[in-house]
Amino acid sequence: MARLNVVQAINLALRQEMRKDKRLIVLGEDVGKSGGVFRATDGLQEEFGEDRVVDTPLSEVGIVGTSIGLAVNGMRPVAEIQFSGFLYSAYDQITTHAARIRTRSRGRFTCPIVIRSPYGGGVRALELHCESQEAILAHTPGIKVVIPSRPYDAKGLLISAIRDPDPVVFLEPMRVYRAIKEEVPEEEYTVPLGKADVIKKGTDLTVISWGAMMKYTREALEKADYNAEIIDVRTISPLDSETIINSVKKTGRCLIVHEAPRTCGFGAEIIAQINEKAFLHLEAPVERVTGFDVPFPMYKLENYYLPDERRILKGVEKVMKF
Amino acid sequence: MARLNVVQAINLALRQEMRKDKRLIVLGEDVGKSGGVFRATDGLQEEFGEDRVVDTPLSEVGIVGTSIGLAVNGMRPVAEIQFSGFLYSAYDQITTHAARIRTRSRGRFTCPIVIRSPYGGGVRALELHCESQEAILAHTPGIKVVIPSRPYDAKGLLISAIRDPDPVVFLEPMRVYRAIKEEVPEEEYTVPLGKADVIKKGTDLTVISWGAMMKYTREALEKADYNAEIIDVRTISPLDSETIINSVKKTGRCLIVHEAPRTCGFGAEIIAQINEKAFLHLEAPVERVTGFDVPFPMYKLENYYLPDERRILKGVEKVMKF
Amino acid sequence: MPEETIKSFNVGYLQVLDDEGHADKDLMPELSPGQIKELYELMVLIRAFDDKAFKLQRQGRLGTYLQVKGQEASEVGAAYALKKGDWIFPSGRDVGVLITRGHPMHMLLQYRGGDERGMKAPEGLDNFPITIPVSTHIPICTGAAWASKMRREDVVHMAFFGDGATSRADFHEGLNFAGIFKVPAVFVCENNGYAISLPRARQTAAETLAQKAFAYGFEGIQVDGNDIFAVYSAASRAVAKARKGDGPTLIECVTYRIEGHSTSDDDSRYRTKQEVEEWRKKDPVDRLEKYMKKNKILTDEYKQSVTQKTRDMVEKAVEDYEKVPPPEAADFFANTYAQPTEQLKEQMKEL
Amino acid sequence: MPEETIKSFNVGYLQVLDDEGHADKDLMPELSPGQIKELYELMVLIRAFDDKAFKLQRQGRLGTYLQVKGQEASEVGAAYALKKGDWIFPSGRDVGVLITRGHPMHMLLQYRGGDERGMKAPEGLDNFPITIPVSTHIPICTGAAWASKMRREDVVHMAFFGDGATSRADFHEGLNFAGIFKVPAVFVCENNGYAISLPRARQTAAETLAQKAFAYGFEGIQVDGNDIFAVYSAASRAVAKARKGDGPTLIECVTYRIEGHSTSDDDSRYRTKQEVEEWRKKDPVDRLEKYMKKNKILTDEYKQSVTQKTRDMVEKAVEDYEKVPPPEAADFFANTYAQPTEQLKEQMKEL
């Protein structure tokens, strides 16, 4: 079993699924010749040819719109949006068509596409290269939203996303693209969509995160004096409420860490569900450690914007000392 | 003082501000000759001419993009997006530019635009003519989001929005465009942005809503056996947390009614803030009565989708009987 | 200003049938009398449907409806050039296209009666559902055509949209992809003079919409959109070209919307009665009738029988429509995803 | 297929200076030797800045940087045609435009060093901040130009973007508005052969990018983008036309990006060394030097002094850049709205 990073795991998943399923094609800006700006599609064009690994014009509406058409007509497109900041312009196609074709045609047409996109901050990138839009996407009925936090899940979740009969937006945390390596089986396997992962059992409080923040949250918690149960949400939509609620019922305390702006971030939804379903078990308000309600700043300031060890531990204290 | 409906109040606000401020121009699809598909801009082109009340091409990116340019270069554009369902394609311009120009240029350039758009369901409209995107917009730092629920506020809030130095998305609930008439002063006045309105004092529970749902929530509550404090949020972003928190601290119980899909709707954010700031005062979980997590259905089913009296009263019972 | 010309473009215009029903023999497409009758009957049927739908709306038996009157030649002529197995991507006004393509009329009423189920194309008919947000179906058409090309199928994809649609993102990006990937698609722009209240001349400073195709490296042509033969001829050639693998074509049909934009529009605000009257003289159905009379394909009897037959068909459709049981609320939970999520299962209980 | 041609278009091409530094006298724009020197010095300065920025990035003293090398004639030639008070709307690569327009170089470094404050144009300079999402500044340029037109100001607005930008929504909708409202804007497309790895020929099937202007009803012209005189000439004429109220122009500058797309790009994956070498022979600075030598405007001494002077200016800019105190976190709270919201005031305490 090889030790792979997230990019390699994604590459492997794509390669294996392309071998299995002739309907699968990969398209996007610079995914072919150049192998993707992060090399996630490296070598695929060599193996599968220019017809199945397609360099497209600089055109996000075009990429997503034609992918929808490809999917409706029997293909299985995996589209790459080079950075999730450029997903905004394609959001109309996502919500207007991808999310609705099944309902609109009462199942006569469906839209099994995957839209992959590097997402989040922390890599000293340019403006609009650091966005976190999971809450917006989760507020869009008809699509699924998946965010792996590590190589093993990246491969297994991507395979599930590709095989899913509905549109999936697959957000890949850039910051941990290469920062985590772990054993990733060569053989194919799936990690189910809609299932959170309890990555560590604990009793004092429940800590919930996803994406790149998972790594930094785990690391911070190692320095905390409490025995935290740590949950990696993995699928933002549909949310695995059960795992979260069960944990909070057990611990009575909860901290959520995400890097998107606080207001209307996905943390709010988790709090709402905890409020609804574990109210009597709560011993303290659920706490959010998040990005601030400002546009993601350029990189000289990004470390102030992003939740860090200090803020995470402060959040833990706040929950525990309430 | 005349009795006006929401459309007339908006029309009056636009007219008065246009008279006062030569920099103000109105642009959008069918706003000129036809006076807007809902007649919100009726008569403005006659009074102010084709240069200030401009029929644009069918082009939402163009409307919002050029409005940003107009604003950056000293004008005060009020753009109309014909239905908020068509705001999606312009969302890129809103978040990429309108929301960020101040930060990006450290205040050297600013973007005082207003984007008006009819919003919400309940009028037997076509597909994509019934969207409620306030949560998405509230998750966008750098813009403000305003939703009047009645004629008086519509006029006062729109004048405030026009005079605001930052971009404002002004969502107008179609369903009450003509369903409510009330006295609206002829003279100009403002209703401040960022202030919720306690439209009825009460002691048993706090009921929070906005937009068209306000009317139906009020009507439903007249049939409830409890003395509800009713809050009209009015400005979704920035939220007047104080008014909400103070009320919930007093009543200990809270119901939120909105028509957007539940998951990641704005109700979640309100619950999160109540959880954070009024935790110890809560006697029951905050309850949400909302649209479902499905694409807004065509009109034969819209009354099942939209919160109605039955569901609102059930929500009240649930909060009170906990 | 240019010092050297490196490339030239011509915008062509095609008319076969003039207002008086004279057809240019050299330009006349190959159509048997039987086929001409079929075209005629479709146009009459569509007009009968359109009139009826308008009345139903006025009686409160239908929701907002967009009349197609005046545009029958554009819709029938283009769609008729397709064969079974080809795909169409219609927009909100295109009941004419859908009827030509066999979409059951009672389902069209059902759709306009606020019931999505009316857009569920019967199996075997690749009619993509009507798209309400203007132009957004165009890249989808490109993508679907691309899929057919990848599989080397003999399938052509045709998208329909208005003059207004040409100003939007999706038109631009959809046509650019079509050009680059040389997909078997035909883009039919029904330039009916207006986008709601905006006259065509204010939609874009370009003199024709056809010339927009040059921006994407393929051919654009303008045709008289009230001339069924011109539309059919241009569409057939474009379809044949697509089948041969020679890529997409943009066809601008210059036509006119005789009624208001929709049942909620007041067109007196932005155009004169006189303008409408001028266009009535170019009516596509009348024009074809004149031709058929001159060429002895149409007798009074035949005309009457067609009127009767189409009226009956429409009445039958209305009956069928009104017999359709209303949709159930559970329906929208069932069709959001292949499998309802836990959230949806829970929410369903609130109904 | 067309039966009648109703409209024709020609795409023009302009070159004044050939690879050997011969200028066509008839086409030569009016420029004094002093002005030619100014153009030359700007180009040399930009190249010196560009080289330095690249080195700083490699040393970890700067973030991602996009080199402009090879495109100096396009950037300087176009921006030089503007006067004070005109506006520019640059994209990510356009340090050459910004330097020509007087944006302080140390602020450009500051910006590329991850500090937005570097994009705060000094008062009096209407330099819109660099736009990262490709093409999205184009409708903003149109809008700003429209504002100038409304106020009847003598102000021209110029947007810069690449070949890749022409495929996007904002290009389409922005240019269409510009055509309809006849705004005083000039759209400069620097076609440098690639959008990251995508060659121009795969970006669009259109033979030139200039012809895309026809879709919007105004003039497009292609120029040799490595020929400072051709670019300046076309830009001056477009600017003059805009000032006169005759509307926008699209100028396609055919040039070449000599270095990788950015400091994180590996261009060997998608192009050959040989191709790059071929383009080096067309270097815009060399070409202008040859002309100046031939015309006795450039001596070895002068050249050396320019090299020295520009190097000093760049060194000074680096010094100034490195003296800038880092931004404070409070800064982003302060600039999100005119007045921080209650939420922001609260969140600021978490810092």
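Order of writing sets the chain letters: A, B, C and D. Residues in each chain are counted from 1.
Simple rule for what comes next: contacts are C-beta pairs under 8 Å (C-beta built on N, C-alpha and C of every residue); 3 or more make two chains touch, one makes a residue touch a chain.
Small disclaimer: the values here were computed from a predicted structure and weren't measured.
The minimum number of touch steps linking subunit A to subunit B comes to 1.
Centre-to-centre spacing of subunit A and subunit D amounts to 36 Å, using the average Cα coordinate of each chain.
Averaged C-alpha coordinates give centres for subunit A and subunit C that are 40 Å from one another. Subunit C and subunit D, compared by their mean Cα positions, are separated by 43 Å. Residue positions of subunit C touching 2 or more other chains: 116, 133, 136, 167-170, 173, 176, 180, 202-204, 331-332, 336, 341, 343. For subunit B, the set of residues that touch two or more other chains comprises 56-57, 59, 61-62, 85, 89, 92, 96, 103-104, 127-128, 141-142, 239, 263, 292-295, 297.
If you sketch which chains touch which, every chain touches every other chain without exception. Residue ranges of subunit C in contact with subunit B, taken from their complex: 63-64, 92, 111, 113-116, 132-136, 164-165, 167-170, 195-198, 202-204, 264-266, 269-270, 326-327, 329, 331-333, 336, 341, 343-344, 347, 350-351. Contact residues of subunit B toward subunit C in the complex are 29-30, 32-35, 37, 55-62, 85-86, 89, 124-129, 262-263, 292-295, 297-302, 304-305, 311, 314. Residues of subunit D that touch subunit B in their complex: 87, 116-117, 119-121, 123, 128-129, 131, 133, 136-148, 150-151, 169-170, 173-174, 176-177, 180, 331-332, 335-338, 341-343. The part of subunit B that touches subunit D in the complex is made up of residues 25, 51, 56-57, 59, 61-62, 64-75, 77, 89, 92-93, 96-97, 101-110, 141-142, 144, 164-166, 194, 238-239, 241-242. Residues 85, 88-89, 91-92, 95-96, 99-100, 103-104, 127-128, 135-136, 138-139, 141-142, 237, 239, 260-261, 263-269, 271-272, 274-277, 279, 282, 284-288, 292-295, 297 of subunit B are the ones touching subunit A in the complex.
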